[in-house]
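Right, I'll just put the structure down here and ask away after.
Order of writing sets the labels: A, B, C, D and E. Residues in every chain begin at 1.
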Amino acid sequence: MRHHLVLRVVSKLLIPFIILYGLYVQFHGDFSPGGGFQAGVIVAAAIILYALIFGTERAKQVFKPQALMVLAPVGVMIFALVGYYAMAMGGAYLDYDWLAGDDTTGQHIGIITVEFGVGLTVTAVMTLIFLAYAGRTHEIDDDDW
Amino acid sequence: MLELILAKYNYWIVIVLMMAGLYVVVARGNLVKKIIGLNVFQTSVFLLYISMGKVAGGTAPILTGKDEVFSNPIPHVLILTAIVVGIATTALGLALVVRIREAYSTIEEDEIDEAESLDMTADLAERRR
Amino acid sequence: MSTLSAALPHLPILQVVVPLISAPICFLLQRAGLAWAFSTLVSWLAFATSVMLLRAVMADGTIHYEIGGWAAPWGIEYVIDAANAIVLVIVSGIGAAVSSYAPRSVLAEIPASQRGLYYTAYLLCLAGLLGVTITGDAFNVFVFLEITSLSSYVLVAAGAGLDRRALTAAYNYLVMGTVGATFFVIGVGLLYMVTGTLNIADLHERVPPLLDNRTVHVAFAFIVVGLGLKLALFPLHTWLPNAYTYAPSTGTAFLAATSTKVSVYVLLRFLFGVFAPTSGLMALTMDYVLLPLAVIGMMAATVAAIYQYNLKRLLAYSSVAQLGYMVLGFAYGSVDGLTAAVLHLFNHALMKGALFLALGCVMLRVGDVTMHGVRGLGRQMPWTMAAFVAGGLSLIGVPLTVGFISKWYLVGAALEDGRWWIAALILASSLLAVIYVWKVVEAAYLREPPAGRTVREAPLSMLVPTWILVLANIWFGVDAELTVSVARTAAMGLLGVAP
Amino acid sequence: MELLIDIVLLAILGIIAVAILWTRHLFVATMLSGAYSLTSAALLVALDAVDVAFTEAAVGAGISTVLMLGTLTLTRRREKATNRRVSIGPLLLVIVTGALLIYGTVDMPAFGDPNAPALLHVVPEYLAGTRDDIQIPNIVTAILASYRGFDTLGETAVIFTAGVGVLLLLGRRREEDEEAGTRRPEREA
Amino acid sequence: MNPSFLLAATLLLPLIGTLFIALTGSRANLREAVTLVTAGLLAVIVYSLLQDVLAGARPAATLVEVVPGLPLALEIEPLGMLFACIASGLWIVNSLYSIGYMRGNHEHKQTRFYMCFAIAIASAMGIAFAGNMFTLFIFYEVLTLSTYPLVAHKETAEARQGARIYLGLLIGTSIGFQMVAIIWTWLAAGTLDFAAGGILRGKVDPAVLPFLLALYMFGIGKAALMPFHRWLPSAMVAPTPVSALLHAVAVVKAGVFTVLKVVVYVFGVDLLAETGASQWLIGVASFTLIAASLVAMTKDNLKARLAYSTISQLSYIVLGAALATSYGVLGGALHIATHALGKITLFMCAGAIYVATHKTEISEMDGLGRRMPFTYGAFLVGALSIIGLPPLAGVWSKWYLAMGAVETGLWAVVAVYMISSLLNVAYLIPVVARGFFKPSAEPVPQSVGAAAAPAAGGLQEAPLLCVLPPCLTAAGCVVLFFYADAVVALLRPLVQ
C-alpha cells in the first residue's frame, strides 16, 4: 500500500494521536472505561497500521522486535513484582495497601503500576504476533484482496 | 407468557447465537472457519454473561458521586479477562493454521486427513524397507 | 534463614507465582542451556514448596491464603487441603523429573531457535497447572486453566520439527480445549447467576440448597462436559491420542502425567466441593451417565491400545482408559471410591511419567517409537527397556508397583459398593493391558533388532530421572501408607466427612 | 427504548451469524466476524458494560480481524464447496446443547432483575469498597486490578503465553521450518 | 542366629545370588558356582529353620507395611516349611542338572536363565513363608513374572506363543479371580492374616461361600484346575530344567500349596465341612483328575504327557483339600512332597533323553532304555512312586488321600483315586516298557549329545550332570517312603 499517498499522509498524522489516545486510556482507566489491556491493544493497532502502510521492514526498524521481546516479559514481571513487593513489605501477595503509607494511595499506586505492566505486555505481544504473521510472507499487495 | 418472553428473550437469542457459533466449529471443515466459529461462540457467551449482570434502569458501573443503580460489574470484569483469553487463543489457533497450510498446502480438514493417512502409509513402507 | 521463615506463610502463593514469574525470565534468557538450567531449578523449587505444603496440610489441616489481602469471597483465595496438596506434589514432582531429563531430548527433537521458547512454555504450563490446582476461586480456575491449555498447545505444536502431524494435533486440541473451556465458563457463569459468588467454598454453601434449580442442573452439565473435554473423558477424548503421539517426548511425558490429572482434580472439586450431589438429578447423572461413560471408555480405549503400532499412541489410549478408572472411582461417590480415585491419580502420573520418559530415551537413540523401533532393544538399551517394563507392569497392576495399589483400592471400592460388574470390568481392562504391554516386551526382548542397527544406551542425564520415577513406582507400591492416608484424608475432605 | 435497541441489535447479530454460516468466502466471513464483534460491542454498551464494549471493539473488530486477514493472505480465501451441506450430527449436538441451555433459563432470574441473587451477595461490598477504600470511580477497574487482580495477572500471562506460542510457531523463516519438518531426530551414535 | 533374620534371609539370599549371577555372567564356571553356593546356603538356612519349626517355634518377620493393615509379613508354619524344604532342596539337585543340560544343549542366554531361576526360587520361598494372603499373592505374581522369561527362553515363535498362554492364563486368573477373592476377604474379614481355623467364620454369608471359594480355586491358576490348565502344557516349550523344577515342583506346587493354605487358614477346614461349600470342588477336581489322565494317554510327546500327568496329580491335592477332612489335607500336603520328588525325576529323565538323543516323542524312544539304563531306571522309580506302589513315597500320600475320602464316606472319590492310579500305570509304564523291550528303530545310534559317546556295551547316557540328579531324586523317593513319618509329624499341627 506504499503508493497510496493519501493513506500514508493521513496515517502519518493519525498514528501519533492513536498512540496518545492509547496512553490516555492507559492512565485514565481508573476514571473512565479503559485500562492496560485496551490501551495495549490501541497502541498495538497504531503500530500495526504503521506496518501496513509503510511495510513491515520499516516497522521493524522503528519498533525493533528485539526490544518488543524484552518488553513483553517485562510487562508480566512488573505486574508480578508488584505482588512480590507487597509481600516483602509484609502484606499478602498483590496487597496494594502495603505499597505506600496509606491504604488508598497504595491501592492507586498498585492499580496504576499493574495496569502499566498489562499495557506493556499487551502492546508488545500483539505487535510481535502481527510481525510474526507478516514476517511469514511477502508484503501484502492490493492485488491480494 | 409475554412476561416470560420479556424476562428471558435476551438469553434465548444469545443462546441461539452461541449455538450458531458452535455449529460452525463442529460442522465446518475449514480450519479458519472453525476459528471464526469459535469467535462467534465466545462472543455470544460474553453477551450471555453481560446480560445476566444488566439491571433494568441501571447505568455503567462508574461512580459519579450520585446514588445510582449500577449494573453488576463482576461479569464485566470476568468477561474482560475472557476476551483476552479469547484473542490469545485465536492468535495461537491462526498461527497453527498458517503452519498447517505450509506443511500440508491446504486448510481443509478432509484433505489434511488424506495427507495424514498417506503419511501413515509412508511410515510403514519405510519400516518395511 | 530469616527470609525463608518469612516466606513460609506465603508458600501457597509462591507455589504458583514463582514458576509464573520465572517464565518471562526464562524468555529473556534466550539461550537454551540457561533456560533449561533455570526451568529445572524452578521446578525443583516448586517441588520442594509443594512437599512442604503437603506436610503442613497433613499436620495442621486446610490452609487459606487471601491474595491481595482481600478476604474471600471478595478476593481470590488459595485453599489447600489434602486433595490438592497431593496433586501439587505430583505436578511439581513430575515437572522436576521431566525438566531434569529434558536437555538431551530437547536438543535432539526441537530446532535450536525454539528451545528457549519451549522451556518458557513448559514453565507457563507448570504455573498454570499449579494455579488451577491450588485456587479456591471458580473463575480463577478458568484463567489458569487457559494458561495451561495455551501452553499445552504450544508444547504439542513444538513437535512439528519432527512430524507435521503435531500441528494438526495441536490445532484439534486447541479447538476442543477452547470449546471445553467455554463450556466451563458458561457453567461457572450460570452458577454465579444464581448464587452471586465465585468462591468455591462459598458456592459450596450456596449451591446445595438450590439443587432443584434447573439453572444449577444446566451449570452442572456444562461444567462436567467442559472439564470432560479437558480431561479426555470418553467420548470427548479424540484430541488426546494425536496430541500425545506427536508432541516432543518431554512434552508428552509432562502433559500425560499432569495435565489430565489436574482436570480430573478440578472435576472432583466441582462435583464434591460445589454440587455435592447425594440425591436428585445430579446424583442420577453420576450413576447413569458418568459411570457408564467411564466404564465404556476404560474398555474401549484399552482395546484400542492393543491395536496400536506407535507406542506413544498406545500409551495415549491407555491414558484414556486409566482416566476412566479415576472417573469410576469418584462416580461411586463413596469415601472408598474417592480414595481410590485420588490414589490412582497420583499413581497413574508416576506410571505414565516413567513410561513416556523411557520412550523419550528410545526416541533419542533410535528415532522411532513404534513396535518396529523397539525390536531387540532389550539388549541394546537394557536400562531404558527395563524402565519401560517396570512402568508397564505398574500399568497392569502387578504387585509391588503403584498400579497394584490403585487396582486394589478401585476394586475394593467397587466391591464395597456391591458393584460386582464394575469390579469385573476393571480387572478385565487391566488384563487387556497385559496384552499391549506384553506386545512391547516381546518385541524388545524376544526379537532380534532390525539388521544393522546398533544403538547405545541412553545418556545418564535421561536415565536417572526416568529411573527416579520407576523407583517411585516401586516405592509407593511397596509402602503405600503415605499415599493412601493422604488420599483418604483428601476423600473425606471432599465429601465433608469427619475423620 | 432500551428494549427496542436491544432487539434491533440482537436481530442484526442473528443476521450476521446466519451470514457467517452461509458464506463460503473466508474473506467475507472474516469481515462479518468483525462486524459481529462490533455489533456485540454496541449491544454491550446498551447493557451498561462500557469497558467490555471498548475491549470487544478493539479486540474483536480490530486485532482479531487483522490476524485473520493476515492468515488468509498466508492461506487461501475460499472454503471448499463440499463442506456446505448441513451435517446432521453437529446439528443435533447443537440443538441438544441449546435446548439444555434454554431449559436452564427457566429458573434464571429475569433479564434486568434488580433483585437477582448475583447483585445481592458480593457486589454491594465492591461498590462500597471502591468508593471508600480504593477511591477510584471505575468500579470495573477496581475489581479488575485489585479485588480480582490475580485473575488479571493470569490474564497477562495468557497473553504472554500466546506470544510465546506464536513466536515458537512463526518466529522463524518459513524455509527453516520446511527443512525441519522432514527430519527425524538426530540419532546420537 | 535370630530366626526372623534367617527367615528374611531365605528371600534375600536368592536375590543376592541373582545379583552375583548377573555380575559373573561372562564367566560361566564362576556363575554356576554362585548358583550352587546360593542353593546350598539356602538349603542350610531352610533346614536350620526346620529344626525350630519341628520344635514348635513359629518364626515371623514383617518386612514392610504396604498399607495400614496390609503388611508384607512372613511367618513359618508347617505346610510352608514343607514346601520350602522341597523347593530349596530340589533347587540344588536341579542346579546341577541345569548345568549339565544347558551346557549339553549349548543354550543361549544362560545368565538370564540362572538369574530368573534364582528370582523364581526367592518368590517360591516368599510363597512358602507368607504370613498373610496379601503377601502370598504378591509373591505368587512375582513367581509368574520371573518364570515368564524361562518359558520364553528359546525365543522362537513357538516359545513366544507358549509363553503368552502361560502368562495370560496365570496373570489372568490371578488378577481376574484371586485378587477379587482376596479383596473380598479383606473387606469381609478385615484381615488377611493366616490363622488356624480360618478367618471367614461368621464374616461371610454361608450361601456365598462356594462362590468365594470358586474365585480362589480358579484364581489359583497354578493349581491347573480345568478349564484353566492350558498354561501347563504350553510351558513345556521351556528348557527341561525349567519344566522339572518349576513346572513339576515350585510353580505348580505353589499353586496347590496356596489351595491348601486358603482351605486351612482362610476358610478353615471345619467351616468348609460344616457348610459344604467345597462340595462342588470335589466334582471339578475329580473331573480334572480323570480327564487329564486320559489326555495324558493320548500324548506322544513325553513332556506333554508328563505335563498332563502333573495336572492330574495336582487335582489329587485339590481334591484332598476339597474333602475338608484332616486326612484329606494331610494327604494333600504329603502329596506335594511325594509328587514333587517323583515328577522331578521324570522330567529330568526326559531332559536327559533329549540331551543325549534329541528325541521328544515317545514313539521314537523304542529301545533307548538299554542304551540309557540309569536314566530309564530312575524314570521307572519315579513312575512307580507316582503310581503309588511301595516301597516308594507316593504310596503314603495316596493312602492318606484315600483315607480322607473314606472318612467323608464319599466312595465315589475313592473310586476316582483308584481309577486314576490305574490310568497312571497306563500312561507311564509304556514309556519304560518301550524303552526296555521294544527293539530300537535306528540301528546305529549317532551321538548328538555333547558328552555322549557310543561306548562299548552300547551305553549312550547323557552327561553325568544330567543323569546323576534324577538318580538322586529317585533314591529320594525310596528314602521318603521310610521317613514319611517325619513329614507327617511336621504336618501334624496342621490338622489339630
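Definition applied: a residue touches a chain if its C-beta (ideal position, glycine included) is under 8 Å from a C-beta of that chain, and two chains touch if they have at least 3 such contacts.
All of these numbers come straight from a predicted model, not from anything done at the bench.
Path length between subunit A and subunit C in the touching-chain graph (shortest route): 1.
Contact with both subunit B and subunit C is made by A, D. Put simply, the chain farthest from subunit B by mean CA position is E. Centrality annotation: C (chain centre taken as mean Cα position, compared with the mean over all protein Cα atoms).
Centroid analysis (C-alpha atoms only) places E farthest from subunit C. Here the two chains linked by the largest count of contacting C-beta pairs are B-D. Rounded to whole angstrom units, the spacing between the C-alpha centres of subunit C and subunit E is 44. Centre to centre, using the average C-alpha position, subunit C and subunit D are separated by 28 Å. Distance between subunit A and subunit D, defined via averaged C-alpha coordinates, is recorded as 20 Å.
The distance from the centre of subunit B to the centre of subunit E, each centre being the mean of the chain's C-alpha atoms, comes to 67 Å. Across the assembly, subunit A contributes residues 31-33, 37, 69, 72-73, 76, 80, 83, 93-94, 96, 122, 129, 132-133, 136 that each touch 2 or more other chains. The residues of subunit E never reach two or more other chains; the list is empty. Residue positions of subunit B touching 2 or more other chains: 22, 35, 52, 60, 62, 74-75, 78, 80-81, 84-85, 88-89, 91-92, 94-99, 103. Inter-chain contacts occur between A-B, A-C, A-D, B-C, B-D, C-D, C-E. Taken in their complex, subunit A has these residues touching subunit C: 69-70, 72-74, 76-77, 80-81, 83-84, 87, 91-98. Looking at the complex, you find that subunit D touches subunit B at residues 2, 6-7, 10, 13-14, 17-18, 20-21, 26, 29-30, 33, 36-37, 40, 43-44, 47-52, 55-56, 59-60, 63-64, 67-68, 70-72, 74-76, 79-80, 82-83, 86-87, 89-91, 93-95, 97-98, 101-102, 105, 108-114, 116, 118-119, 122-123, 126-127, 130-131, 136-140, 143-144, 148, 151-152, 154-155, 158-159, 161-162, 165-166, 169-170, 174, 177-178, 181. Residues 139, 142-143, 146, 150, 153-154, 157, 160, 163-165, 167-168, 170-171, 174-175, 178-179, 181-182, 185-186, 189, 192-193, 198, 309, 368, 370, 372 of subunit C are the ones touching subunit B in the complex. For subunit B in complex with subunit C, the touching residues are 22, 25, 31, 34-35, 38, 41-42, 45, 48-49, 52, 74-75, 78, 81-82, 85, 88-89, 92-93, 96-97, 99-100, 103-104, 112, 116, 119, 123-124, 127.
Interface residues of subunit E, counted against subunit C in their complex, comprise 64-68, 72, 137-138, 141-142, 145, 149, 152, 155, 159-160, 164, 167-168, 171-172, 175-176, 179-180, 183-184, 186-187.
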